[in-house]
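Two complexes come next, and they have one chain in common, chain A, joined by chain B in the first and chain C in the second.
And now, the complex of A and B:
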């Protein structure tokens, strides 16, 4: 940090803040590389300098949890009632009746299309033979969603009524969404005891934030005139809120309800890890354990079907539109009641259906055939990606370039040449006026030579501080550095860097590839028609299912984990890119067309700049998704924080689980704030 | 081991001496159903025995690693198949705190070891002798491990027995943790289908042993000295230069069973199941697609002599 007074007088005053930040980072990095041979502690934080923080966290938490336990146990037994009730109703109701009610509701909300969706969707569930398991899953969702809605709604209203707590609430919501659920399963087990209630609470914690965010946004956006009218009518604050403001924010709140439902469904698999009742997630785990891809995919698709039906129906509920003729809905209901009564006692057992088993077997056989036929080129894809991309990124060119990977040995002389070339290219860029670009190029060359897992910690701290300072000012920089220091001191630094490397590589790949696919979908509606259902599936199917084929193609290791993370994290990038590009205001495009711009020019000069905030939001979501996937990637044998969380879950180590989860949340939140800072700047520049 | 066997004989003798009280017959006994088929078989056999004795039994799905808190709380009453090689630290903590008690050996004769699908023998001449691995590590090398060979080890939370063997025997292999059992099976499946090389840490009884024709590498037979004394065994400089320490498979349960259901406690403690009985049932479920309940019911009807005496001894 003492570099600032030394350098600033030497350079002219026109150095922009960005260039200054990059320069400081570069100097710190260069100093670290130069001093590294003499001072090993620059790269490897000595174990003697760490605190047994995970043990402390464990001890404190266990004391706190012990004190809360009686209260939590009472709550758990209270929650058992609605849950057992819902379970009883859903599993005992004859299946024609359940299908009938869903179809009737579908008709009422969205006409023929929605009715068909309901009937076909539940028909698929019935044919799969997982009816009872699915209804058990639904009973969990049926209780966790109202709980999440109440929690989220209360948090949102609180933040709206007491503006002072707003920023604290934002942090709380971020924590709820970024700390991986696996990290707090052990404490939840201690608190609430064994059984589905733990899964229920975990999924409610994860599903509440979208509701809270939408309530806050909705209430914020209520027109001032409406608020004033309510004040003038003489209503109490309570009346204003519940009779005027909340109803006028209804459509935004309904978006929150929809998102909350989807989030709760995506957590179903987590509830199964603990066990306690026989649900569809448990089936996915059992089949996954036997590496039966066909069967696991079938069970996973049942969850996807639920997600799509619930998403489309609650989405229709959010849009206030004319409802369809209720008489037909009653008709459908009457038919299903009739069918149930006529065949009473003779209805086939819903678990007996196995119509889709041959399909599952065929999928499995197809997987085998493909693996056998393409073994050779799959191996070469994997080796290429490992040797030339992933390994250099992780341990740097100086360690990854070996005779049996690249065909020759990396020498210190080569490092010097690489640095010289990087410096020369950077200087050329600076001479041509792009100071920041030139400096960033030099930094990138340095990182490539060293490798992300071997980055000296002073460099990481300075680099993060510099980025935060540019994106969000001094306060953000200070907080980020403090948070990173806690990771450093708790001894989780090496694992955090490994996580950073893996998710960083995945985010980069997703940004490039997802951006390209999003662009294609924005230009061609046909492409979107194909890509959209794939995106829906990737977001709701339990990701465990995809681990099997990825493993069979590429074996245990980083490349498989990298692909699994990409499969999940690429979705928001595609969605937001497309959304940003298609939502350019028509008058802008018309004006450009009128002045004779080609469609390529319109894309380059108008649509892409206009879409930048949306693109950055997509990037931000991709980062968060990539981090949340790290824990699942640990199932295919990655190291890093994800593995620590999984280890802690197995060993019931509260301290390690929570600390590693917190470290992961810290990394995700810093990345999030940096991207949001840049997005805000762009929005201001565009005058939005 | 000798002491354990003596103890079993002792309990068998003592248990035949008197019939225990039935206890609280109205409350169902909850048995944990974990994530693998062998455990389902062991659990359902025990559960059906309890039913024959006159108890109500409930089968509760439970995560193998996370169930001990529930057991200490009395929400799960028994787990029939716990592997000493892969047991959560939480188990020892709960036993020490008094919430969980061990219920004796299940009697399954387990074997763990370094293994390979049969076709791999052609790629590394000299297998199953472990010395053969010294010279063909190159055949097992992959992008992550080059120039060393790759050994797929247990998931990190099960310990690192494979890596310990490689170090102990100074074999040029790098152990890669699998992450989950599903990942181990996927590796076996891919290797068998693609005829690609694979060295893996594995165990039996397991349905995959026969499904993928898995063979064990012959390692020097282990003695206590192998794990403590570097001088012992083929590598004079390291411990662990021998086969795996024998792992024990046992039963455990809530500490309140003995008081609540004395006869059930006796049945569960005396209950054993052999590999010869369990393995065909696993095959009937995993390979032939049968339902666990039906397979177990068929076996119990045919092999009444192997379980009926234990029930009778406790109840009559």
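And now, the complex of A and C:
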């Protein structure tokens, strides 16, 4: 055949892989909808077809854990010694001394600013009256972090030394990162019994991966010539590693220490859920349950202050090489010792401070007044979002549109009209050359009508396979479908779809809003100056604290959970968007300017395309953040896997907890690989 | 001590092939081609392997300054890493003082590096967390030598490279040239007998480079170690080398003195290198001298040519003469005659 130039913008002779995948997905979806009346099993996976997999998992795990129990209990009783020791030291040390040590350390690490941060931060904690609770939390961190550092460091070094172990370790770390925090707790509870030791061990396990990752990364990034110089100097492998490679990787390893500290703190606080241990996390939980939001906010702020002090000080370890004059640090220490000695026995009880209680009460009163005054307005915001956005996404227009919500009843005729409109718009797009876009539009209309929670399973499997195939090839598609099938067969499917819906909605909101904010910050340095500290703050706050403000205004429910997830997951989207947009090489922008492009054109034609890989990475992080927050948000009312994990924790149901945790991890990993695949492809296409 | 006549370094059929299962693939490829290196390399490339060094065979004499030159990707850095055993050669034999280091044990290699080998790197490879003094003293530290003693020794070499006074500085506080001086000092601190330099001056500005080259020659004149020196700069090679090996795509294409390389390139690749070189400055009278000039006595207008005079200098002295001119050695005996026309011809750049 000879190629005749096609003058009409009609369908290309051959479909691109993307269009083919979209077409197949669309056809499967359409077939499912059409056949639903006849074959109900196409939409709802019949309960008869599932295996009691969670029970099996539970039985196996309980057997294994039971066998490990004596050993675990022994470990737990051993760990009690350092824990009690740390607790004793931190709670009994006179508070001026603790503040003095922190201030001195702050000075040494980061000069006046850091010293002030330490002094004011701890001063705030003291004034809040939560001193003892805070020190209890700190003592847990103080024991779990060295454990995590040792484990993480050992894993990192092992992976570096034995290349064969490396890829296995990478997979393990990936899994550990995606398995939700609560899911760790259930098996640990069984192993170690109730009590603070569980929180300790959970936080050590949770905090080890970032350390391991950074040790691996740091050792990998040591310049090859530095490694070679150590070899040529005649060092043994041990000397090379400990005298040259690890010190050379110090700043990356310090980043690991910083992340490890933050993860441990976050987990210690979350672990309060399982035990009435007199720590600050428990305090937040307690006050939150009693709807004392002023007190909850105050306790939450104490956590935030701790997080910021620990983060900034350990962060200074990673960046600043020059240390400040130790003599001043000694001076500060001496003053605090002096104060302690002079006022010995007359020091006020740290728990007696209640300087901020009036503020907390005022907040409570103000909040009550506010909710009473603008309750109608808040409700309308909440109901609007629920009725017009979240509910249709969840159960579809056909069920969400009711006289009670939208003021009229959805009829099958309307469905037909919607489909017709979607098909028409899609066809217009296709006729204009955008085949994939048209097909995707039709798929989106279908999803909107059906609702994510009611999507037919063949459609979800096909769609996932199609996306995986485009993003990462046949192998990824196969693995993803197999993993999804295990969820389907284990009877967790409906809950998985519910989780998918809520996190999907949050991710979508974050992508749009975060993308817009990121764009704004890229264009205006002024905006970035405001947004940046907020982002820093949001990333430092332990997950748990996000629940307080949303609860204050919107009570328990899905909308509150949605807001909490968004607040946490939006940060990476903002950061990566801005970073991608501002890191366009200058010569590209100069070339575009020289060609006469306006700044809008430069943004549209140069900067955004160039930033795509970065944008996709931001989306990827947002997805992972949303998943991890989803489980925490189960505390304030979500359905789906997060709720199952939380319930399993309460009932010590290992099978359900671990299975649901695994299902979450599967969803997160599939999403991660798909987005990473697209990002990688874009990066290659751009030659980066 | 080893035999005086044995070369300090002897490489025999050294191969470095990258890829999974490279040693088997190499044996198979050589068997297939009947031990023909070129055919084997071609086959290896076709099957996805990278033959970075192919069948390298050469000797370096004791105290010789041997330069390996080639473009980036020609395998010169890989070859020096084979000889210093930073890479384990896929096949072949590398003898240093008659000891085959390819088969040396881990323990023996550590010992060799502590006592005998020193290396300087292109990007310096300085340890960022150590001061200049600690960097330089590190090879002594790994041997377990006490702090006082090793710092004393380190300060000697630091003096030698002209960095006295910078002992307490960190590498990041030094300029590029100073950093490489630290690298040189560190490689010398353990009194090495064989000195490897991997493009030591390539990352430096031209002026600093020339200065360091001169200082390097002075140090070499003092220490007289055996040197393997890597460079991609023909002028640097000609300036420093006793002999030069030129590499291309993993193969050594020519080994010779600077004059041989300049005057008798074996192929267009080598010729291309020396094209822009001022040959008159690098070739010596000896390389164009004919026959023996026995019995000739210096005449009244004798220009006084010497064997080690560059062609430029010789030509300047006998511009106006047409007769063959006698050449004298350092002892004052006539060792041959030079036709001024030959001098001129040798300097002409080939217009191929």
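In this section, the second predicted complex is superposed on the first by the 603 of 688 C-alpha atoms of A that agree within 3 Å, B and C clash if a C-alpha of one lies under 4 Å from a C-alpha of the other, contacts with A are read in each partner's own complex, and residues count from 1 in each chain.
To be clear about the criterion, a residue touches a chain if its C-beta (ideal position, glycine included) is under 8 Å from a C-beta of that chain, and two chains touch if they have at least 3 such contacts.
Source: prediction; values computed, not measured.
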Combined model on chain A where chain B meets chain C, clash or fit: fit
Contacts of A:167 with chain B and chain C, given as first, second, both or neither: neither
Chain B versus chain C as contact partner of A:651, first or second or both or neither: first
Angular separation of chain B and chain C about chain A, which is computed from CA centres of the superposed model and rounded to the nearest 10 °: 150
Partner chain(s) touched by A:93 [first = chain B, second = chain C, both, neither]: neither
Partner chain(s) touched by A:286 [first = chain B, second = chain C, both, neither]: first
Chain A residues touched by each partner, larger count belonging to chain B or chain C: B
Which of chain B and chain C A:547 touches, first, second, both or neither: first
Which superposed partner A:77 touches (first chain B, second chain C, both, neither): neither
First (chain B), second (chain C), both or neither touched by A:598: neither
Chain B and chain C, minimum CA distance [Å, superposed model]: 47
Where chain A meets both chain C and chain B, residue numbers: none
Of chain C, residues touching chain A in the complex: 81, 84, 86, 110-115, 117-119, 121-130, 138-139, 141-143, 183, 186-187, 190, 196
Chain A partner contacts - residues on chain B that touch it in the complex: 33-36, 60-63, 65-70, 73, 75-76, 88-90, 93, 142-144, 146-147, 152, 155-157, 176-183, 185-190, 193-194, 196, 207, 286
In the complex with chain B, residue positions of chain A that touch it: 185-186, 189-190, 193-195, 273-278, 282, 285-286, 288-291, 368, 371-372, 375, 382-383, 386-387, 391, 402, 404-405, 544, 547-548, 551-553, 555-559, 634-638, 643, 646-647, 649-653
Chain C contact footprint on chain A (complex, rising order): 223, 225-226, 228-236, 239, 243-244, 247-248, 250
